[in-house]
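See the structures that follow.
Paired with chain B in one complex and with chain C in the other, chain A is shared by the two complexes that follow.
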Partner chain A sequence: MASGGASVDRLHGSTDVRLERLKGRLFEIALVAATLVGIVSLVVLFGYIAFDTFQPLTASIQWYLIYIGTLVTPTAAFTLYARRHPPIREANAKAFAVIGGALLVSLVTYIVADALDPYDVLLYVLFGAIPPAVIGAYARRSPDRTYTGPAVVVSTLVGIALAAGLYGVLRPIVGIIAQWVAYVGIVTLPVGAIVAQSVSRRWSLRRAALAVALVLVGTLAVAVGALVAGIEPSLPVVLFSGAVVPIGYVVGDTVANEPEGRIGVLGPFVLIGSVALGAFIERSVGVQGPESYLTPSLLLNSWHGRNAFEAGIYPQLVGSIVIVGFMSLLAFPVAIGAAVYLEEYVSDSGWRGRLATLLEVNISNLAGVPSVVYGLLGLALFRNTLGFGTGVVIAAAGTLGFLILPIVIVSAQEALRSVPDSLRQAAYGMGASRWQTLRTVVIPEAFPGILTGTILALARAIGETAPLVIIAVATTTYTSPDGLFSTAAALPLQIFAARSHPDPAFRHGIVPATAVVLLILMLMMNTTAILLRNRYDRDTHE
Partner chain B sequence: MAYDSNVSESVSRRTLLASTVAIGATALAGCLSDSTGANTDGDSLSGDIRISGSSTVYPVAQDISRQFQEDHSDVNFNLTRDGSSGGFENVFIPGDSDINNASRSIADEEVQQCRDNDFEPVEFFIAQDALTVVVNNENDWVDSISIEDLKKIWSPDSAPETWADVNSEWPDEPFDLYGPATTSGTFDYFTETVVGEEGKIRDDFEGTEEDDQIAQGVKGSQHAMGYLPFAYYTNNPDTVKALTLSEGDSDPVEPSIEAAQSGDYPLARPLYFYANMNKLQEKEHLQEFIRFYVNEADKDFIANDIGYVPSSEKMVEDNVANLEAGINGEYKHS
Partner chain C sequence: MSKRSTPTEGNGVPPAAGQSPATELQRSEFVVRKERLYGWLIASCAVLTILVTVGIIAALSGKAIVFWTEISPVTFFTGTEWSPIINNAYGVLPLVSGTLIVTLCSALIALPIGLAAAIYLSEYASERARSVLKPALEILAGVPTVIYGYMALVYITPLFQGVLPLSVQLVPPSIPLVPEFTLTVPALQTFNVLSASIVVGIMIIPMVSSISEDALRAVPDSLRQAGYGLGSTKFDVSTKIVVPAATSGIVASYVLAISRAIGETMAVTMAMGMSPQMPHFPNVLDNLAVSSQTITAAMVQIAGADSLGHGPTYEAMFALGLTLFCITLSMNMMAELIRRHFREVYE
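Here is the complex of A and B:
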């Protein structure tokens, strides 16, 4: 024993072993340094942008004291408290997700519908949604479901085509109703349908009917209230049915059914309340807050070239959202279809296999092609060949769609590949056809991965500048785009333009503030991706 | 299974009934309250106006279009910054834009290409952009420079190494030169006016797209020299020191709006915009906008807030004459 210990000691003490260990340590230090270089430079960059945007040094000490008292202390205390109790933490996270998500979705819906004309949106939504809903309802009752799947798809397409064909006749008829009623059709009805489905699945149809009636009556009450108060009821209607209803549903459900965690739903309200309290005290005491460039007028005004504090980016923001929205409608079905085909259908051998390999190599390479080249492609295709005109929404959406197509294909293929083969074999073993296996096993399992890849591609597309310059997308407009063939402005172009403004308030204030807006938009998209992925991950594994 | 579907049938019928009543009530209420929907501000002008071209003229076009849009909310503007040549080639000549901004006059080939596409470009000379030659704030040996010396400094034929090579009273220190990148219209104008041939310049200067970087470069080196748009200099006067310019035997002139407007300052670049005459004849709102534009172009804000040299009264008169000729289809570019 003693001699063994001595030999081990000798071994540890030998120069070779020590050198070997030193090498290991040095390698580890090099890895830490490599990690830190990236993180530290990003932190410095974002810190710099945030510093320029919010101008923290212009605020007085009292302002900081007020907000430490009203905002930081209670929120931090609540968060610490929630972290200690897992059920409360979970309820807290759920409340934050539903409040943030519902507000975001309803605001974006309102902004986009408002830009595109709510009546048009209503027309297409009704014609696109009612036929499949009717078929779906029929399928629930009928035992024979062979044709319902294809019929849902076909009826949606036919409905939209009908709406487009009969547009000239129907649009004046739809135009009779007040604008807010159109929003009831766009927002309240789908929300009501989702609530009804969820309630009927969990409790009974009777309760579902009650819930839908409550939603409709509540929306009507809000609209009537707004009309009486002399406010245009559209936004209140959208906010009530798009945000208040789902928030109320989730929060109420948590409070009623999760007695252990119910206190957690207070989290977002603590945050909102303390911000409001801080703002109230700030207003009444009259202290000097920071002269931030990220103001409501930046978000809601249109561009002003002379006064930095009046400059706004609303049309550019809406333009970017509309372009990226249409882009996803164009690109995702194509990309996901291609990925499923390449991954699930193509055989590995024979001339088809070789063709598929060639295709895959090309797609992987296309993912790295500089975006300017896609701009030239868009110019050649949409302007010179199809004659759509330069800088219209559909040209911009199509060009960006080409840009993200390979990225989405590659990520969707990756997601499909990660589904274990044993699942497919098990499905085949039970007699399922390839289509049935795909529909019920493979795609649901791969869905979170596909979704993550696609939303990251969206985030990439919204920041693209070079291809938009080439196809002459506008830098500045004063109105939001109102259709596929209307011209739109894009946010990154306005950032680029403001960068060469002679007034330093633009270069060092408005530019970082707009960059922060773009970053927040991107972060919100990424957060949505993560939340959806987590949700579906849980659904498929439980 | 059968029992379930019966239940769902009976209840869903009730749901259907309830929701039909609710939707009906909603729709009815909506119809009744539609008297507030009218949205007319008594302004007959409506339509789109697309403005492409030079990023130098963009601030003027942006500001004037914003003012016009405030009074005529149904007119939609669309402004792109593609550069003078890019705007002509990609957007204006194919007939996509109504107006193309240019920081130089239109070239003969471009006029020909417009005519090949069956329209005449109508020229409007709206402002000037004075260039400022700047040196470091700690530079105490030069306050004024002649165009001839500038040519000697920037020309590739002489390309002096040190300040003393140009003037023996100046220090024997190497030049540190900053200017706009070769893609810029400012670069084209400077080389043509000072060096004598467009695009001809010594190759050891630091070219950049950003005026800010020129100013920072000159600020960072005591023996530096550069040139900038006057608008940038007036907004950032403390960063660098501007030189007065003389041409031949004339007295040195300080860079200023007044000097540029009177024609005494030798480095003032004309800024134009060109309108598509066919669209001008078709679109009433375009006529109104250009009328507003040319009449607004002699106002103080162009000098005070944008930093350009505004139109003189003579220029406004010429522009109005061109506009009327364009509306009547009689304009011919020469």
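Here is the complex of A and C:
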């Protein structure tokens, strides 16, 4: 190709081509710059927020050196080591996920139960869970399970209604028991049930009974130990049964059954240990740490209008969690139902087909409605029509529920659509009815995807402010919500309310720290969603 | 309207009790009823979404009509003063102007950047760069708007206040006979339109980039190959073939992003303040430097004021909501129409 080469050379040599190439290069650079400009400016702005929150310049160099030595070096070394060996990396990720998840779930459970009153929660949990559990256990024995499904649902509803009806009679009786016993009922019993089911499925019933006995005895021992030491045993009980038990189960299982990745479970403990070591050295040497605004007192105190060092956001944090939690209870079933209807029930033709089109158009329009407008809907519905108080938990939860409904529906539809049709056909072929197919095949298969979409929507809801302002949720309250009809504050509202506080310690300290707390909450939710999705993707590829 | 969806299986004569599954192909009547009940429940979930729309329209228009019987719609839509609490003046034009200025400026930021990002992600980026940049761009839309508002108020405004006011002499004074022409960028107030527009622009970038990128990627590869075959450079292929072919999707993404910017609330409330303004002429740049108010911010202000529950001010909030709802709804519908009807269909 000598001649061809020569002509290509001539082509390359000409000025036009060089100009063209320059134009192409410049265009590409401009495109990269445009892609990065938004991301970079957000990173810079986050940098400002982090700088104001943590005040890194106030720490001494010794402090940094101590933590580089105790925290950064060992953690980085372990991470690098784990990255090289896939089984170790996997065990490491699993250990981090279970430790983070279990700690988070048990802390949130404790905080919410504590705010709502643990005795009430216990009452409703007992009445809502025992009847279906009994029916389920009975149905396992009986050959005819036709009635089980409806009976479980009906008995749960009846149980909760019963608890609400007999509240006046039962509450004083339940109130006799110590508070930590209520937490045993709320946390330890469900955890025990899950452990029992997991163990009995993998090994045997005898071992399951043994495991449950171990959990109960351990919890009692923790409670007795706390009582002897003079500490209120509620939190230790919750942490033991909600965090230590599942962590012990998963970590122990990994150590016993995955000899290759065994070392990986050390990852979180390396992290915790090095933080503890750093804190110990910091305290004993007495170096100057950063004067961060993100302190335990910020997380545990309630709001203080004048003194930044006493101001805390505990009620706002609890309010946000309670609102979003209750919102997900309201929106999740409805969204799944709507998505199932649109994906599994509608036909393409006739009036039902037209209805389906209408529903689809309607949902995509709802997704585009500004969030303030949902606030007006909530105001009109919950305050003016239903006559609830101003800014109560249930109104906020309902309003945000309407807001995220279209988002959850769309993501649930996608999850349902990705379930291969062959599974449905197989289920129908075995004689399953449509509902049985849905319940036993389609929804379980799509569930991780649905859950991922839901968690992402929850992360959006927790940062949503405008609708809450419109329905007049209080910007600042000094107590956590203690029921569905009590007023609650929310984190983003506090940022809004304190944005122009005259004291710079608020404007450049407490407010960015609150923003950091909110962002961390969202980050945790998004991480959970991504972990779920990755796990799910891997499962489907296998 | 009945929205029942009956399961197709098992309708028929109820079998005798105690049927055995092997010989009896009919389901028991209870199962049929159960199936039907679940069908009903599921359909009612779907219908609830329609009820939400109906509820929004009913809630908004109910109060808005009450408002418009007290204040005539003509006054509302043509009045140039919005001061509901102090002067009982309910002219929506200053709010519309504030909304439009913010929307315009944020669109000036977001539309070119978003389109460029979309072209980069779809045509130039390697698979690996894409897998990092695409989620990173999505984060821009995921940050709570209240945090954007805070950042605009506390970080962006002081940043600009350090630079502004700025006077640039466009024509050197040494040239005779030409009047002195100076471009003056005025100093920023604490609350100003510029910082609000910047954060709104940043937060709608992903809306443009992700929808446009979908449209660009949907352009069949054969068109690109044909372009290359004719000797085009990548630049030519991207700008003269792929982008024109995806115009409908790009325009739809623009419309959606603008609609999102119009409905944006917290960032503009926090960064722009609460003083409605009619647009400034001819010093156009003044519009960016002063505090202003959008429709959404006015709603937040009314909701935040006490003494609520009735009265024209309270009802004005719903009238504003209805106006906003109609604007965004028609824009969303328009985007959908553009996407459907102007799409170039290949093959």
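Just a few scattered comments:
Operating definition for what follows: the second predicted complex is superposed on the first by the 490 of 542 C-alpha atoms of A that agree within 3 Å, B and C clash if a C-alpha of one lies under 4 Å from a C-alpha of the other, contacts with A are read in each partner's own complex, and residues count from 1 in each chain.
By our rule, a contact is a pair of C-beta atoms (placed from the backbone, for glycine too) under 8 Å apart; a residue touches a chain by one contact, two chains touch by 3 or more.
The structure presented is a predicted model; accordingly, all values stated were derived computationally and were not measured.
Once chain A is used to superpose the two complexes, chain B occupies space that clashes with chain C. In the superposed model, A:Val469 makes contact with both chain B and chain C.
Using the contact criterion defined above for the overlaid structures, shared-chain residue A:Leu329 touches neither chain B nor chain C, since it reaches no partner. In the superposed three-chain model, the partner touching more residues of chain A is C, compared with the other of chain B and chain C. In the superposition on chain A, A:Arg507 makes contact with both chain B and chain C.
With both structures placed on the common chain, the touch criterion links A:Ser364 to chain C but leaves chain B unconnected. By the touch criterion defined above, A:Val285 lies against neither chain B nor chain C after alignment on the C-alpha atoms of chain A. In the superposed model, A:Ala338 lies in contact with chain C only, and not with chain B.
Applying the stated contact rule after C-alpha superposition, one finds that A:Arg499 touches each of chain B and chain C.
When the two complexes are overlaid on their common chain A, residue A:Lys23 makes contact with chain C while staying clear of chain B. Residues 379, 469, 472, 493, 499-500, 507 of chain A lie in contact with chain B in one complex and with chain C in the other. On the chain C side of its complex with chain A, the touching residues are 1, 3, 5, 7-10, 21, 27-28, 30-31, 34-35, 37-39, 41-46, 48-50, 52-53, 55-56, 58-60, 62-63, 112-113, 116-117, 119-121, 124-125, 133, 136-137, 139-140, 142-147, 149-151, 153-156, 202, 205-206, 209, 233-235, 238-239, 256, 259-260, 262-266, 269-270, 296, 299-300, 303-304, 308, 317-318, 321, 324-325, 328-329, 331-333, 336. Chain A contributes residues 20-21, 23-24, 27-28, 30-32, 34-35, 37-39, 41-42, 45, 48-49, 146-147, 149-150, 333-338, 340-342, 345-346, 352, 355, 358-359, 361-366, 368-377, 379-381, 402, 405-406, 409, 431, 433-435, 459-460, 462-466, 469-472, 492-493, 495-496, 499-500, 507-508, 511-512, 515, 518-519, 522, 526 to its touches with chain C in the complex. Chain A meets chain B in the complex at residues 137, 140-141, 176-181, 184, 189, 192, 196, 204-206, 208-209, 212-213, 216-217, 219-220, 223-224, 227, 232, 302-306, 379, 383, 389-391, 469, 472-479, 487, 489, 493, 497, 499-504, 507.
Listed in rising order, the residues of chain B touching chain A in the complex are 5, 7-9, 11-12, 14-15, 18-19, 22-23, 25-27, 29-31, 33-34, 36-37, 48, 50, 52, 55, 58-59, 62-63, 65-66, 69, 76-82, 90-91, 94, 96, 209-212, 229, 231-232, 234-236, 301, 305-307.
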